[in-house]
Structures are given as structure tokens and as C-alpha cells.
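First subunit A sits with subunit B, and in the next complex the same chain sits with subunit C.
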Partner chain A sequence: MTTKVLVVADIKHGKLKSSTPELLSKARAIGAETAVVAIGSHMESLIPRLADAGADTQYVADDPGLELFSAGPWASCVAEAAGRFAPDMIWFGFSESGKAVAPRVAARLDAACATDITDVKLEDGRVEITRPAITNKVIQRVQVNAAKLVAVVRAGAFEATQGIGGTQNVVMLSPPAPDAGAVIKEIVSDAGGEIDLADAGIVVSVGRGVKDQAGVALAKQLADDLTAGFGSSRAMVDAGFMPHSKQVGQTGKIVAPNLYIAIGISGAIQHLAGMKGSKVILAVNKDPEAPIFSVADYGIVGDLFEVVPILREEIKKIRS
Partner chain B sequence: MKILTTVKTVVDVELNIHVDNGAIVEKGLQYVMNAWDESAVETAVRLKETNGAETTLVSIGGGEDTDKVIRRGFAMGIENGIQIDDPGLAQGDSSVLAKVLQKVYEKGGYDLVITGKQAQDTDNGQTGIMLAEYLGLPCVSNAVAIEVIDERHVKVSRLGDTGTEIIELALPAVITVDVSINEPRLPQMRGIMMAKKKGIEVMDLASLGPSLEEVGARTPKSKIVEFIAPEMRKAGRKFEGDASEITAQVVALLAGDARVF
Partner chain C sequence: MNPLLTALLIIVALTVFGRTMVRKIRLLKALQPADRTDHLKQRLINTLFLAVGQKRLVGRLKERSSGIMHAFIFWGFCVLLIRSVTLYAQGFQEGYHLPFLGGDTLLGYLYTDLKDITEGLVLLMVVWASFRRAVLKPKRMPNTFEAYLILALIGLLMVSDLLHDGARFNLVQFHGNPGGIPFFDHPRYGSEFLWTPVSRGAGILISGLSAESNAAIRVLMFWIHICTQLVFLNLLPFGKHFHVITALPNVFLKSVGYPHEAPRLLDLEDEAAWEAESLGINHIHQLNWKQGLDLYTCTECGRCKDVCPTHVTEKPLNLHAFNDLLKHELLENARNIVARARLSARLKQAEDPGQIESIRKTLFTLNSQRRLIGDVIAEETLWACTTCRACEEVCPVAIEHVPRIIAMRQGQTLMAEAYPSELNPALKGLERNGNPWGIGYDKRADWAEGLGVRTLAEDPEVDYLFWVGCAGSFDDRSKKVSRSLVGILQNANIRFAILGVEEKCTGDFARRVGNEMLFQMMARENIQTLNRYKVKKIITACPHCLNALKHDYPQLGGNYEVIHHAEFIHRLVNEGKIRLSPSGEGALTYHDPCYLGRYNDIFDQPRSILRAVSNGGFKELDRHGRESFCCGAGGGRMWMEETIGKRINIERAEEIVARRVATVAVACPFCLTMIEDGMKDLGREAQVRTLDIAELVEKNMA
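Take a look at the complex of A and B:
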């Protein structure tokens, strides 16, 4: 019997995020029949993209009441799509919305629930997943015994297969009732057009070494040059220079970009926990003994106030 | 307002964790209050101080470690403590723990449940949200600020994907908090001494009410087959010397070998 996977589309500011085709590609790769559920408002332009991303059925909930995220109604839409598609697995991309909705759906469906999975396999008709635990200090291999699994997939865990495509087969879902007990009043935006740390290809992060706002601004220029996500160590957040939403580390965000540039970051264990999955790490620090150098692929020992402008110059040269 | 904080006793992640033969090496491990739940306790105690709320802490687990964690809650200012000590729950996943907590809630009749958004051993982030589902209560997860509006409403700020979500929550409700919501106080000597003498209501599952079957403890939804140590990242190349020279060298390598530009 073919496994069926329902992927919950990750939509931000009306655009489909990379996790959606990535998750659908993985589902196809393990031989599953795929469907996607997309929830929001003004969805018409998105619909063709949903099939292209690799789903053969597209469940769509399109309603003005779904303009602002609210976990209750989102869970209802996913549950309705699941009721119709009868998936064995429901996968969410790694987002705050995904993390808020997945456990609700799992509870409603009495399904197993796994957060931050890095791999999934079908072994003798059973689902086996791999995921980190104990703040990324160990990896668990988990056998799922329940009939259904709801999972939140780690950012970048799966790769999108180019041009996989699917059949356009849209099923409109009925708009869910709003959550009367938890009324979303407004969303106070991050600075407009901010790059999401979780799916940025390059992340530039600042640590205490940048000293102050001027240092932060210097590093931000590098980030802007590279159209990179801009992150922070805990020290800079605690000191009030950076918001918590930018914190990379054990109690902040876990990121795994292609390139992580650590500027003035010493490399405390709890920070390393958040970024050591990066493909390539470049560190700039004036202390040659800084622990960050033990994980950096390339380490520049020097004064970041001198090095960062040179980095920007050299990168401009290479790219032109 | 009656507040229930649910707290987990977890392995201290400041220490090294070793894996041997597919299992975690127990020797040398210490157990502490989950960091996220410390923030939940702090949130509850502040509501006690500013709004006169009555606070209760519940922890599922046995032994000295769970006792120590509950007493830390007392030392921080929590008034009542409940311990659910039953070996049958030791392997319980988030859904099992949530079902047990559901029974604790139903026994007490609380207005607000506050818990950390995730536990540092499992990193699941599911229990609090599942508890709300089982109870049919509204829930906000990943809260970074809570403001009491009146006896039946609180305003919660939550870190979402596009910014900070401002939500009006009707009580009774469940809130899971992020560590950035506050800096948990360090228990003072007086609190620690008082905590040593305070009584904890200890129950096994049967005394609480449900059977192991009812909470799903006999039919685990998943099983950890193996623990594996993550691949150690090795140090790469460190460059010292003239800033212009070494930086140019590194950029060339990043563009060439690593191909990240």
C-alpha cells in the first residue's frame, strides 16, 4: 500500500517558502503519494505553484479570516485536509506556525508527533525518523508505532528536486471558525523584508566582539552585501543590541546555512549548538584561542573592525 | 486567579552528554529544572506578586531529582507543589505526559496553565500544546510577554513567523513561554530554607485517577531505537597575519574550494 504524505505549505507574505518543494520532493523520493494543504487569504496566484512544487492534490483554505496566523483555525484546516486525504504522515516546514500547529493536529488525530526531524525512512512498512535531542547533543533514531505521524521538519533537512511537478487538482476547504478563545489582534512586523534565519543561504552573526551599535551596523553592512540573514549570539541579545528573534543558539534559533559568518563571537557551547550544522563556517575574532575556531572551516584572527571592511571589498571584487 | 505551572526535571545540558552502544551514558549526568520551565515558574510568581494569583507547580517524575526541582520552584515563590511519581510513566512521550497533566488540571480547576515551550531533553515543544487540545482550552505558544487585562482575559505577545503576534486570550487557557519572556530569579537563602520544609502532594497515577492505559502509557506511539553521537565538527584553517592578505586569501578559498560566493 502506498504511503501518503500531506505537506503543509509554508507561506510567508504571500510567497511559498523553500520548505514546501523540499518536503514534497522527499515525500516523492520515499515513494509516497503527495498532497499539499495551503492556508491563508488571496491564494489564487499561489495555487499553480503548489502543484509545481510536487503535490498531486492541493487542499486550499482561502478566507479573509485566515489573513493573520492563528493556530486553532490552521489546525482545523490541516485536520480537514487530513480527513479527506487520509495521509499516513503530515509534514510541516520548520516555522513558528508549524511548531504551534503540529502538536494540535497530532493530538486531534491521536498521531505520533516528532519535532525537528532530519530524516525519514520507510523500513519494512514502518516509519523511522531521525532527529536531534538534548539541545543537539545527541541524535535519536525513532521507530514510529502509531498509525500516523505528524512531523515538523528541520530547515534544510531535505533537498528539492528540480522540476518535479505535480497535477493541478484543487480541493477548496471550508473556512474554519475563528478561535474565539485566542483572538489574534495584530502582528507587529519585524523590519520589512527581513531575511528569515531559518532559510537564509548565508547568515552573518554578531557577538560581543563588535562592542556596540556601530559594530552591529558594520556587520549588518556585510550581511546586506551578501543578502544574508542577520543573527546574534546570546551576549548581544542580553546586552540589548539585538532582539531575541535573532539569537542563534540553544535557546534561540538553530540554523544550518551554506555559509555562517561569525563576527566577534567567542563560540560558547550554547551558541555552537545553534550553528554547527552550517555547511561552511567562517569566523573572525581577535583571540586566536577563541573556541569558535575549533569549529570554523576558515578562521581569521584579527580585529574585526579592520577585517570586515576588507571582507566586503574582497567579496565585491570576487563577485564582479 | 489560580495558576498551574508544569515543570519538567531534565538532564543538565551544560554537561557533556556521551553515547555508548546506542544509549546515553547515565554516569555523571545531573538533573535540573528545565530552563524554559524556570521562565514559566518566574512568570507565575510575578503574577502572584502583582495580581495576587495562587500558584501551584506540578512535576511528573520520581526520586530526589524531581523533589529538588519542585523545591526550587518553592524557593522561587510557588505556593503549592504536586508530584506525580509513577514508574509506568518513565518512558511516556509528550502525549502521555499531557494526558496526565490533564487529570491534574481537572482535579484543581485552574484559570491559567503556564509551561515552558519546550523541554531541553526532548526539544519536542509538544506537551503544553497537546494539554490545551485535550482540555479544549485556548492556547498560545512561544509567548514572550503576558499582560493581565482582567479576571477573564490576558494579552499575550508571541514570536511568530512574520513578527510579534498580539493575542487576546480568554481564561481558562494554556500559555507556553519562551526563555526570553523573563530572567528567572535565583532562589534566596530564606526561600531555600522554607522550601526544604514545605510539603509536596505526592501521588502515583492510580491516586490521581487514570490507569496507564487511559493515558496511553501502555501503547507508546513511538520508540527510540538508538542514540547516536553527532558528528564532531573539526577545526579548519586558522589564518593569522596581515589583515588584508589573509582576508583576501580566505575570500579566494571560500569562492574557490567552498564555492559559497
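Take a look at the complex of A and C:
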């Protein structure tokens, strides 16, 4: 019997996020029968994309009441899709909403639940998952004995296969009852349409070395070029150049992007604590002794007003 | 005068006063237990210096003028107590005097003289106090009606007695003593009135009046004096002047050994305690009786907020208001607290499960309707405290503010799970990697690479363990301090080792933010490691580690001799194991770390070292020693945002810059970060270097 995997689509601002095709590609790659469940409102334009991403069946809950995320109703939709599809595994991409819904679904279906998965293997019908433990010091390989597994996959763990496609086979789900406990009326975000630091693949951050508004503006241009999140060390927040919501560090936001560009940041431990999980760190600083260089993968010693324009130019060249 | 009236007045006044006091004491007895019966000798010494000697009133230069005023009023009251006894007795028997204080002994004359001058002095002090309040208006004090009322009553007490004696003098000297008023007259010492210049002066003011008027004034003033005194006594318990009665016991019962009440080792396995929500302080009835007595005693003088780093930088923690809010919450719930205590006692004896259940339910209904944090005290007020203890060092009546704040944080963290969320990464880091930054624990000994430092695992036979601490292990800036200290120890041929990756955060900050569970977890693991290696002596460069190892760990079975590096270096210099020669440090100053100075009484050793390495002179900061100003990072504040008011470290950095020094020495990794950061923010890091004592010593070793 083929293993069946139900992927929960990650939709933000009406767009499908990269985790959905990644997860579906992986499900295909291990030879599973795939389905996706997409929840939200005004979903018509999204449905073809779901099939393209590699889902054989698309369960869609489309209702004005699902405009704003709420864990309870979301879990009901996933459970309903699971009831129809009868999957062996339900996969969530890594997101705050995924983390909130996954345990609820697991509880409703009496399934096992595993988070922060980096790999899944199928051997003789048995599921083996891989996940890091003890802050990435060891990798656990876990054999799953439960009949059903709900898993949250680490961001970027799987790669999307281009053009795998799927058949369009849409099953509309009935809208769930509203959450009995609380109804989300509005989501107030102070990011104001800017890129969320915690989600951004690239983060550009400024520190004391940036000195003034002109330096901040220059770094912001670089961030915009890269569609990167724009962060700051505490010194720039104190100096009033950046809002507190942009502070990266021990007592601010903790980020782990693929690329972290630190401009004029000396790298005090309080700041490092907030970005040390970044995959690649690029530091630009005048002072060759700055501690940031001890954690940086790439370092540029120089004045940001010279370095950043060159960086921007080179990025444009590569892009064009 | 009139035995019947005197007796009546005394009986009525004492009955009312007794009732009040019984209520006050009953409320204290209903609070939680606290053992304050040990160290009798130390307690007497404390009382002698702090209460009788008025040490914190006259001893502080900044507050000396008001301190002397208060001291004279206090000492005046002590002298005049004897006079009062005599006066009450004279209500029954004209001319009564205490044995040995009569007109036939020199002692009697001396006392009369002393009493007369004292009354004059106290009156002067009342005038000065009123002037100070009304005209000078010191910022730290709220001006209240009660304050003026009490000053007026004290003034009235003095004036009435002086006029009473003045009228006596007039009757005897100028009117042939009609009615034969008794007075001292001795062949050698002469007339009583030769010894009483002040009352004689008062007498002269009314000497123009007739004999009858003077006689009437004498009687009237006697009754005014007695009645004022009895009214005064009965007013005291209802306001801040209760301290007149409670200050002496409060000082006598203050904590000894550790500068304040040590955090209680909570039994986290006690399921009943979790169920009864009795871990930490969540409701007013969970204060202990000594904390209740502290509230009775607070005089609202405001010295605490004057020295408080958070109040000075416009944060919402205002300690005398804090005390006042708690006191009102205590008094408003007095009835329920007493009933609760009675029920709790019954619960202990109850055996029937049904009865136990019903008592438990009733107990919950007797809790205050207000949450202590949130309704009575604002959350940001509770979390503002840096636990620096400056308030406790200046409090004239030895109120212990900090242990209460920590216990309330325990309540917030353990029971309410409501604590600043910025703390989470640091707490999680501690849990997972044994350090607040969450850096991989395997990197803990990387700083020591190439220095030839051995670990205890490699050489368990060393004399000293160097406890590096998290900052010294992971923070680039503090790693330099660790390396300097290693250089010093190696230079002095000290046999030492480190724990390496086996060391973990002591849990100090977890305890100060009320996370007793995490603190105990860290402490137990560390103690297990330390005891396994049979560690006896520990050197550390971090005052927070020092304090936890020295004072917190014995509660869990970890007993070591713990020495701060400033203390140890001082010892090495004295023993001639290292020699210092100054080489151009410029003018130096020193920033006292709270947990080294106020918590552990180490003030002189760092200064002695700094004098030896400085060639540009050593200058004290304005706020130094016991009254040093916190850097802002203590009590877990290092791991929280400081968003209200001015930054504490900036305030301190400005003070240092104003002193015009080339170097500021510190002796704590957190102070190092905060002060250096302050200098950077002010753009002064090039002019004023921030260095640890170990770095200065290493550079200046001969």
C-alpha cells in the first residue's frame, strides 16, 4: 500500500510560501501519494498553483471567516481533510501558525507529533525521521512506531523539484465552526508591510558604526535590493535611529536567516546571541579587531560608505 | 496635682493604646514565620549603632543637617522619658521625684539641667525641621499634614513643660511661693532654677503676669503636657510616626550574617505548596511578620529613592510609595489575614478529608481580592529593581526591600508565569547550554587555549579552582579579563585549575528574577561537580558568581571558601608574591560593583590595588563605597530591556566622565559591559578606558 502524505499549505498574504512545494516534492520523492490542504479566503487563484506544486488532490477550505488565522478552526479543516484522505503522515512547514496547529491536529487524530524534522525516509513501510537535538550538537534518527505522524519540517530542509506538477482534483471542505474560545478580529502588525525579521531569508543589520541617518538609509537600500529584513543592534535603537521592534539580540528579536549582513556592528555578545544561528554571516566593519569577525564567515574591513555601494552594484550585475 | 484626673487620663489613654497595639501585633503574628532569635550579641550591637547611635542619620555626610536634627529629637526623647515618669507621678503627689534624682543629690541637679537644655534643643530642632519642610522642601520627602501635626505636638510638649517650669520659677522667685510649691534648694548646689536657664527664660516671658495667672499657667501647662503626650502616643500607630515605637525592635530584628534576608530555598517538590499557590509572594498575607514590621516602620523619609538607580533615572520604582502601598494592602486585609492564619492552624490539625477540603476552599476566599503584582504594585515597578541594595544601606530603620522584591518575583515567575518575555532566551540558554547567551557549552573553555591552564579533570590536586563564569568564558571583552587573571596567577605561581566545560552558570540571575526552579537546577549540578572534585577554595572574577557560590550554595550543601579576584590579588601583593609598579595609567577611579561591595563588604582591597598601580592619582566618584551607584545590570536586569527613563549605565558613565579620569576600574563583568557601553554611547570610550582590576594589575606587574 502506498504511503499517503497530506501537506498543509503555508499561505501568507494570499501567496503560497516556498515550504509547500518543497514538502510536496519531498513527499513525491519518497514515493508517497500526495494531497495538500489549503485554508483561507478568496482561494480561486491559488488552486492551480497547488496542483503545480505537486499535489494529486487539493482540499480547499475557502470561507470569508477564514480570512484571519486562528489555530482552532485551522486544525478543524486539517482534521477534516485528514478524515477524507486518510494520510499516514501530515506535514507542516515551519511557521508560527504551523507550530500552533500541528499539536492540535495530532491530539484530535491521536497521532504522534514530531517537530523540527530535517529528513524523512521510508524503509519497508516504516517511517524514519531525522531531527537535530541539543542545539544541533547531535542528529537523532527516530523510528516512528505510531500509525499516524504529524510532523513540522524545519525551514529549508527539503528542496522543491521544478515542474513536477499534479492533477487538478479539488475537494472543497465545509467551513469549520468558529473558534469557541476566541475570535481573531484583527491582526495589528507594526512591520507595516515590511519584511518580517523572523521570516526573512536575508537580514541586513546596522550598528553603532553606521553613525547617522545617511548610513542607515544606505544600508536600508541594500536591504531593499535584497528584499531582506532590516534589523539593528541595540546601540542604534538607543540612539533613536531604529525602532525597538527591529532590534536583533539577546533582548530583542532572535533571527536565523540564510544570510546575515552586519554593517557597522562590533559584535557584542548580547547581539551575537540574537543572530548566531544565521547560516552565513557577512560583516562589514572599519575595525579589524571587531569581535564580529570572529563569528563572520565573510568579513570586509572598510568604510560602509565605500563598501555598500560596491555591494549594491555587484548585486545588480548578478541579478541582471 | 489631681490623682483622680491623672489616673483617669492614664487609664483611658493606655487602654486605647493597648487595644491598638494588640491589633497591630495580632496582625504581625498572623503573617508567615521568620526566625530572628539568633546572634543576640550582634543584634544588640546593631541596635546600639543604628538605632541608639542614629548611625545612618548623622553618619551620612549628604544628609547630616537633617540627621543631626533627628538625632537630637530622638536623644531628647530618651532624656525626657524620665521627666515624663516624674510628671505623671506628680499628678498623684506634688513634688515627686525618682530616687537619686531628687534635690538632695548632685545627680538630681544634673538631670534637671540636662532636661532643661534638652527641651530647648528639641524645640530648636522642631523649628529647624518645620523650616526645612516648609521652605527648603527637600525633594525626597512628601510634605504631609501628619508631619506638621507631629512637629506641632512635639513643639507643644516642649513649650508646655518649659512654661510649666517657667511659671514655677516666677511663683517661687517673684511671688513668695504661695502654696509652697516644692523645688530643689540645696546648701551646696543652690536653687533648682540656677540650673535651668531655658525654663527661666520661658518664665521671664510671662513674668509680667500676676501670681494668680502664673499659678493658673503652671496648672494648665501641666495638663496640656500630659494630655498632649497621651494623644501623641495614641496617634503614633496610625501613621508613619509608628516608627517611634517600632524602629528599635525593627533594627534589633534585622537580618544578620547576610546583609538582608537570604532568598528562601523553596521546596519545589511540595505539591501542596503549588496547589495553595504559596511559592513566593503572590498575596499580602504571604509576607513574613518581619516584613510586616518593616512596613509599620517605614517613615517615608525617601532616602531609599534618593539613592535608587531606578528612581534617579525616572523609572516607576519608588520604594517609599512601594512600602506605603503594601502597608495599606496589609491593613485593609487585616481581618482576613488574621482569620486566615487561624484557619491555617486548624487545617494542620484537621484529619477528616471533607473538613480539610472545606477549610482549603474557605482559605482561598480569604485571600486579598487584589493581586499583589498587577493590582497593588505595577509589573514594571517590580521588574525595575536591580537588587543593588543601595536603599537598604541608607535606610535609617534597616528595612529590607530587596528580599521582598525577589519573593514577589518568585510568585510572578513560579505561580503567575508572568515575567518579562525578554528573559526567555537567557533562561533557555541557561537550561540548554549553561550560559545565558545560549552559546554551545562545548566552547566554554576555548578562551583558555594556549594559556597552559589545566582543568580539574586533568589535575584535581590543585590549591584553587578558578571559577570563570559565563562572561569570562564567552564574552570577548571579559575573556581578556580571564586571561589577565590567569597571567597574574601564573606569575605568582599559584596552583590552580578551571572546570572547563564542566562549569555552568551559577544560576544567580535566575534566582534574582524569581526562577527558583532553574536556580536550583543549576546549583545542584554545579555542587555535584564541585563536590566530586572535593573543591575547597574558589577564586572568581565575577561578584555575582561569588555571591551565589558563597551565600546561595550552602543552602544546597555546597560549602566552599570563595574569594573574589580583587581580594586574592590584594593578598598576593601583601604576601610579596606579585609586585606592582605604576606605569602611566593616568588618573584612576573605581566603580564599586554592588555584589562585591554592598553584598560582600569588599571595599578597601580594590582601592589599595588601584592606588598601587596608579601614577596619576586615585579619585573617588561622588557615589562610591556603600553608596555606590549600580551599573544597571544586577538582579537579572542585564537580560531585560531598559526602556523607561534614562539608562542607568549612561547616568553612571556621565558621573565618571565628569570626574576627569583616564581610566575607570571595575571588578565585575557586567559592570564592565555596562560602563564601557555607557562610554561608547557618550562617545568617550577613547578618553576614559574601562578596565578590570585584573587587567590593570597584569599590565603593571613588575
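Note that in this section the second predicted complex is superposed on the first by the 210 of 320 C-alpha atoms of A that agree within 3 Å, B and C clash if a C-alpha of one lies under 4 Å from a C-alpha of the other, contacts with A are read in each partner's own complex, and residues count from 1 in each chain.
The rule is short, and it goes like this: contacts are C-beta pairs under 8 Å (C-beta built on N, C-alpha and C of every residue); 3 or more make two chains touch, one makes a residue touch a chain.
Keep in mind it's a predicted model, so treat the numbers as computed, not measured.
Novice: State whether subunit B or subunit C is in contact with more residues of subunit A in the superposed arrangement.
Specialist: B
Novice: In the superposed arrangement, which partner chain does A:259 touch: subunit B (first), subunit C (second), both, or neither?
Specialist: Only subunit B is touched by A:259; subunit C is not.
Novice: After the superposition on A, what does A:208 contact: first (subunit B), second (subunit C), both or neither?
Specialist: After superposing on A, A:208 lies in contact with subunit C but is clear of subunit B.
Novice: One more residue to check, A:244. First (subunit B), second (subunit C), both or neither?
Specialist: Both partners.
Novice: Identify the partner contact of A:64: answer first if only subunit B is touched, second if only subunit C is, both if each is, neither if none is.
Specialist: In the superposed model, A:64 contacts neither subunit B nor subunit C.
Novice: Figure out whether A:235 sits in contact with subunit B (first) or subunit C (second), or with both, or with neither.
Specialist: After superposing on A, A:235 lies in contact with subunit C but is clear of subunit B.
Novice: Does subunit B (first) or subunit C (second) touch A:163, or do both, or does neither?
Specialist: Once the two structures are laid over each other on A, A:163 reaches no partner at all.
Novice: Using the superposition on chain A as set up above, list the residues of subunit A that contact both subunit B and subunit C.
Specialist: In subunit A, positions 134-135, 137, 244, 250-251, 269, 276, 294 sit in both the subunit B and subunit C interfaces.
Novice: Would you pull the subunit A residues touching subunit C in the complex into a rising list?
Specialist: 134-135, 137, 208, 235, 238-239, 244, 250-252, 254, 267-270, 272-274, 276, 291, 294
Novice: Under the touch definition given earlier, write down the residues of subunit C that touch subunit A in their complex.
Specialist: So the residues of subunit C touching subunit A come out as 422, 425-426, 429, 432-433, 436-440, 442, 471, 474-477, 639-641, 643, 647, 673, 677, 680-681.
Novice: Quick one: in the complex, what on subunit A touches subunit B?
Specialist: Residue positions touching the partner: 12-13, 68-72, 95-97, 99-100, 102-104, 106-108, 110-116, 128, 132-146, 179-190, 196, 202, 237, 244-245, 247, 250-251, 258-259, 269, 276, 279-282, 288, 293-303, 306-307, 310-311, 314-315, 318-319.
Novice: Subunit A touches which residues of subunit B in the complex?
Specialist: 11, 13-14, 16-17, 19, 24, 35-36, 93-95, 98, 120-126, 129-130, 132-134, 137-142, 144, 155, 158-170, 173, 178-180, 219-230, 233, 235-240, 243-244, 246-248, 250-255, 258, 260-261
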